[in-house]
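Here subunit A shows up in two complexes: once beside subunit B, once beside subunit C.
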Partner chain A sequence: MDSPIINPEFLTISPEQIRALTPYLVVFGGALLAIVLSVLRVVQPKWPVFIAVLLTALAGAAASQMLAPEAEVSLFGGMMVSDTYSNIFNILFLMSAAFTLLVSFKYLDTERMQHPEYYVLVLLSALGMMLMTSAIDLIVIFIALETLSLGVYVLVGFRRADRRSNEAAVKYFILGSAASAIFLYGTALLYGASGSVRIDQILSLVHSGGAEVSTPLFALGAWLVILGFLFKVASVPFHMWMPDVYEGAPVPVTGFMTTGLKAAAFATFLRVFLGLGYGSGLTAVIQSHIHDVLWVCAVLTMVIGNVVALTQTNLKRMLAYSSIAHTGYLLVGMITGTASADGYASVVLYLVAYAAMNLGAFAVLSILATKDDVGLNLQDLSGLSRKHPLLALAMAVFLFSMAGVPPTAGFVAKYQLFYGAVQAGEIPLVVISVLCSAISVYYYLRVLVFMYMREPVAGAGSDKRSVSPWAAIAVLGMVFATLQMGVIPAKMISAARRAVASL
Partner chain B sequence: MAWLESNLLSALVFFPLAWALVGLALPTDSSGKSSSGKYWALTGSLLTFALSLLLYGSFDANGADFQFKELAEWIPSLGVSYHLGLDGISLWLVLLTTFLMPIVILGSFSAVESREKEYYFLLLALEAAMIGAFVALDVFLFYVFWEAMLIPMYFLVGIWGGKDRIYAAMKFFLYTLVGSLLMLVAIFYLVSLHKTQFGAFSTNLLDLYKVQVAGGDTFWSPQSLVFLAFALAFAIKVPLFPLHTWLPDAHVQAPTAGSVILAGVLLKMGGYGFLRFAFPLFPQAVQFYQPMFLALGAIAIVYGAWVAMVQPDIKKLVAYSSVSHMGYVILGLFAMNTIGATGAVYQMLNHGISTPGLFLLVGMIYERRHTREISDYGGIAKVMPLYAIALIIMTLSSVALPGTNGFVGEFLILLGTWQTSRLVGAIAGTGVIFGAIYMLWMVQRVMFGPLKNEENRKLKDLTGRELLVLAPLTVAVFVMGVAPNFFFSKMDTSIARFLEKSRATPVAAAKTLNDQPALARQGE
Partner chain C sequence: MEISPVFFYLFAGMAIAFSLVTVLKKNPAASAFSLVMVFFAFAGIYALLDAHLIATLQILVYAGAIMVLFIFVIMLLSADVPSFDLGRSHVTLRGAAAGLGLVLLAVLVWVFKNSTPAAGSGLFTVDRVVAAGGNTQVISELMFSQYLWPFELTSVLLLTAIIGAVAIAKRRPAHAAQAATKGVRS
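Up next is the complex of A and B:
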């Protein structure tokens, strides 16, 4: 990047680089294949496309799994990197895409919107997430962000005939674009201050303590970039878009957004955040500013997310606010990661755990939803344990996990996260966090009250739902993951540690 | 068998759970009512009890601190281990749990009519979690069991409870959870302190005993705050005045089995927590807060008794009597001497026998008449003589008549408290009188006098099954009242060790003078 002349080595790709690119190539190829299959029209396209996309996602995940323990490979002249961190997140994105697909298959039939584009879009957004997490160049991050966002914008508005869905899509599009613009503006300012858009170069500049990094320009640029991400992860006060979008989007898409998208945003946020030198060489003033402001954001996010969730009667909306609350906990991890022994491993672990339990919860909701996503109010879940004992049990596991009750993934994740925060000396913050999560227990348990302690009511959606085998696999898989991480978390924790070690 | 010998505690914890899981797979018959689930659960709980008797047999009273130890890595990166062990105190609490469980299950045979399979599954799962909490020697593991106990209890109260069951279940869960979450923060603090002082993370309790927490003599010092976080969790569980308000709701709304377990075992969790965690970990803070807890304990005793006196509902009366009785436990523990501590542990066991007995009796009469109002009864003794005898025995045990178990516990506690603070001892002593008043008055109004209510004439006396439920408890009342040494012999050493660890300043003189130096500093 130092010289404007095109360097010949940028144009050749070594075998290791090809190898490191396997997951991306597989997913990209799979997406192209799926597009072709969807227009072939030899048979009804839903089966071939569904199978192709599902297999692609699994193959991509397998490739990432294989690559994860390998050494870091720099790609495209240092604009991207394939390391354990990106590969572990690739697995997360592709698995969450795969599980979303499993859940969607039957759902799309009931909603009468079985269009093959849906599957392709899910896969392409997953590709965007993968690219974003492995990018270390702010411009590439921006491009990847747009790639994934475009896919998700369409998915959110996929229920074309429904006004809420359309409204959600437009709202998300406008606000999302604003966030992207803020991010891009921050990138420009950072470039102006430091002369580079590459995270590693900015970081080494910070470490060298150059005069550039103490300029207001740099600080402003850093702030705008951070704001862009705060917007994407829906931290208070940038959370307004989220409940409406989550409510309007089709249920499986909401599930995908809360897991894949959120994990992608946080994973990239973390990379950039550390790249800006948080906790490792920023001038004391900027450092403490960022710390203090994020501290306030985290507290507000937790409090507002949890308190507003208390009053929700629609489950999708409740889970949207609970997702905001979980963003707050993750921000606690972001603030304190540098000062604790486990570092940011707890954030990675939390994202994985959150993905498992949330995907599961949304999978259950997708099964329960009747046409146009009706039947997702608390009232409609009355007596679920009588009608669908296993679904209710699975939902109970996910809800206990979100509430952070052992022995579930949510507990281990919270344990590690807050534990790290105590090590960092942020005891008041942790006390606020655990009290907030005590609030959250109320609304999670209220769902259980309806499922287990009330009699079924007659009315819309009171009939028994048929559960497709695909969705059943998804729910079972997530129950297994949630409990497995709760009971024997050691393996996942060490994977998370290796991931952040490669940052 | 060799495997069983070295993994007896694990077997004890996980056997009920595994048994319960298998029980879920049992086929239900079409009628749904006479399912085999209850017999399956009863067998499981009896087998668990048999397993726990093995513990009693091979526990060496003068042996190591913790016996039957099992230690394995669990989450090495966080210093979390799977560490189980048993001392003379937890031995009895585990035995109490396994002893009560078959009684509870047998007692529910006719009370539970809907969703039997789930009901018995939850009971056995609860048993597993309770045993786990009593034998865990790793704070992480303890916390996991401690929280896991809430889930089955929540469902037991919420699904099979009375009219306001949902409110009661929520209140129970949230109250307990808030306390334990703050304890979790304190655990984090303690574990990171271990890292600073010893260079490694460890949640192993025996490692944490070595951690020095600064301060303890002012409110804002770390040790005080950390102690308070632990104490809050345990005080809610005990429950100590003024944190007891969840208890009457939960007790009254819970099904009989829920009340029995709540009173019999879950409340003991609080006392046990103080004993195992709060005291040895934070000796200075315990010293500092001793007067406060003594005062709260005394208030709980008197207040609980007064409130119990005016209850129109028998079950609520028994619930408030729990507040009063558990106040004695707190008093005994915070008296900080051997007599008091022994009394406190003994009182926990007593309360685990007599109050469950009372709750079962209330449940039995409720099944017949569907009312618990004292005023609906009167003169029942004429139609239900056996019931009357059982109720009177349990009542006398509850009011601590000499010869019953209650007497031994309360006597020791009052003696111990007297040594520490005469004022508190005197106040607590009045609690015994009030206790006798409300319990005996209740018995008088329910059992004796003219048989006014016509509906009560048709009441049937205890059935064979109900007698079978009550017989072990009745035997226990007298055995514990007459032969306390049988119990003391296994726990004396452990109690001495507990006090040793909880002593703020282990000076040589303190041993000979018993607790006088500590007394002088308190200015009592």
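Up next is the complex of A and C:
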């Protein structure tokens, strides 16, 4: 390319590329349709918008399911790729969006904030997540990251009359923007150092051992990108925003953040991280630097997340700290993935398992929340097993799964993750992880004690809550997913392996 | 092409001085106007680097459109009353922030001193860009061919932002207004 001219191949899209784009087109089209439906004044907009968005999410997931086993398709001159990895994550994001919607429907009525924008924003954030995971160009990753972040910032502040929600939204917005800026600056430096924003081209530079990638400029750029991601996944030195944001956000949104957002950040992190050459081709010095820094981050994240969670009495806050702890376990998988037999498949498996159990737990909490998210303290759950035996049972399944007790998804995921770490020879890391995991059993089981062994107390939320059929479907679906992955994990494990193999 | 040192130091000095004013001024309108000056100084530096299109866009978009919006918002919110006081209680915090900022500066200076840019900035050398018809033509051709996808995705981003803005700015429902009068004031 001597003089940059319009290259016709960038302007045409072949049929199989259109086919590979189906999930994205379906989701975006559904979002547009929902916007139109929400301004129709003929009927109350909540029903048509809710149904349109829900069906869109399911249709998108079905399309991704269909595309998942197919061969990799490179899109838009290699800026984006549709492979098994991206399609499996697309399913995860869209399902988590769909279950969030199911749970939100009644919740929004209770909170009296039934605005159709809520559903559209959930769908658009999910679209951002999908685009981010399938992008292999740092510019596209950045735009997708901003799309999903903007949607979630607004969702966090959706309860505008509540000061906690406002504070959470502003805090998240400012800190999230700072993290985006750090990520963008890192991208700029990487481009300056390597002359490319495509992570596959950067990786091939790393492999060919060019002089470009051994400069401090490249190292600083790579570090800033990694820091941006560590912030998004709330690893420990950058976790300060998380508990406040999780507490202030509406409960279903918190569930969406812990599953969709975290999975998107990790999935992209993994792609970029491997793209920057971790475990293959970096010089031994840089490799061991990154390894050591992530090692410290992982240990601090696990220890601080678990220890602070011990003292929390608000369930949302407790789950926020437990989510930090789970980030720590995932970082263990990131560190050891290159050296273990299953590679990064265990990270993917853990993300899926974590999404199922966490969405379930937040679905139960959304049902229990009274107006303004009151009634989510430990005491308020006293005697839940008398009032709502089935809800209490579902919550117990999710909590056992988070603690990693068989036969649930959490056990299988943790087993795979720690087994991989043992294979990689990271014995101290595994010992710390397992000890932390043991600590976590205390605060998960404490909730069970309150639900099953305490008398109901009078107070906010002591009356029986009515359960909407939609939320019931969501809880049932998640119980099923959690148990299914725990009892017959082989299917999910092989899917995760295929996903990682396509990277 | 060499950058004229006189103009570089002039614009860089302006940028630093007005950035400091932006951060240190208590009055938001004064901060906003000094930010406009920072953008002008940046535009000058871009022009020195032969990036004339970026320089123009910097003035049109940042100094023009975005800052006008800022100032409108400040005006409409009548934010000249400081809503919080970052007084003496935060001296240690300020010290730490300044110290960390200096550390970052040192790291950046060290990095840029010890790095050379990738192989003479690749495809887009000054001569080549001139031969292909100048900055504007090259950027627009790239934007609508190779970078069409990110360009289109930006519209999805803007759509999300618009819907978010509508969701935030919608008229408050009656019960929310009641809650607001009970002490939860935005």
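To be clear about the criterion, the second predicted complex is superposed on the first by the 499 of 503 C-alpha atoms of A that agree within 3 Å, B and C clash if a C-alpha of one lies under 4 Å from a C-alpha of the other, contacts with A are read in each partner's own complex, and residues count from 1 in each chain.
Methods note: contacts are C-beta pairs under 8 Å (C-beta built on N, C-alpha and C of every residue); 3 or more make two chains touch, one makes a residue touch a chain.
Source: prediction; values computed, not measured.
In the three-chain model built by superposing on subunit A, subunit B and subunit C fit together without any clash. Of the two partner chains placed around the shared chain by superposition, subunit C is the only one that A:Glu146 touches, whereas subunit B remains out of contact.
Legend: residue contacts after superposition of the two complexes on their common chain; A:Phe273 is shown touching neither subunit B nor subunit C.
Of the two partner chains, neither subunit B nor subunit C is touched by A:Phe173. Touched residues of subunit A were counted for both subunit B and subunit C, and C has more of them.
Centred on subunit A, the angle reaching out to subunit B and subunit C in the chain A superposition, using CA centres, is 150 degrees in steps of 10. Of the two partner chains placed by superposition, only subunit B is touched by A:Phe400; subunit C is not.
When the two structures are aligned on their common chain, the gap between the nearest CA atoms of subunit B and subunit C comes to 39 Å. On subunit A, the surface touched by subunit B in one complex and the surface touched by subunit C in the other have no residue in common. Residues 341-342, 400, 405-407, 411-412, 415-416, 418-419, 421-423, 427, 430-431, 434-435, 437-438, 441-442, 445-446, 448-449, 452-453, 488-490, 493-494, 497 of subunit A are the ones that touch subunit B when the two sit in their complex. Partner subunit C is touched in their complex by these residues of subunit A: 1-7, 10-11, 28, 31, 35, 75-77, 79-80, 112-113, 115, 117-118, 120-121, 124-125, 127-128, 131, 137, 139-140, 143-144, 146-147, 150-151, 153-154, 157-158, 160-163, 166, 192-195, 212, 215-220. By the touch rule above, subunit B contacts subunit A in their complex via residues 73-78, 140, 143-144, 147-148, 150-151, 154-155, 158-159, 165-166, 169-170, 173-174, 177-178, 181-182, 184-185, 188-189, 191-192, 195, 201.
Contact residues on subunit C toward subunit A in their complex (touch as defined above): 107-108, 110-112, 114-119, 121-124, 128, 131-133, 138, 141-142, 144-150, 153-154, 156-157, 159-161, 163-164, 166-168, 170, 172-173, 175-176, 179-180, 184, 186.
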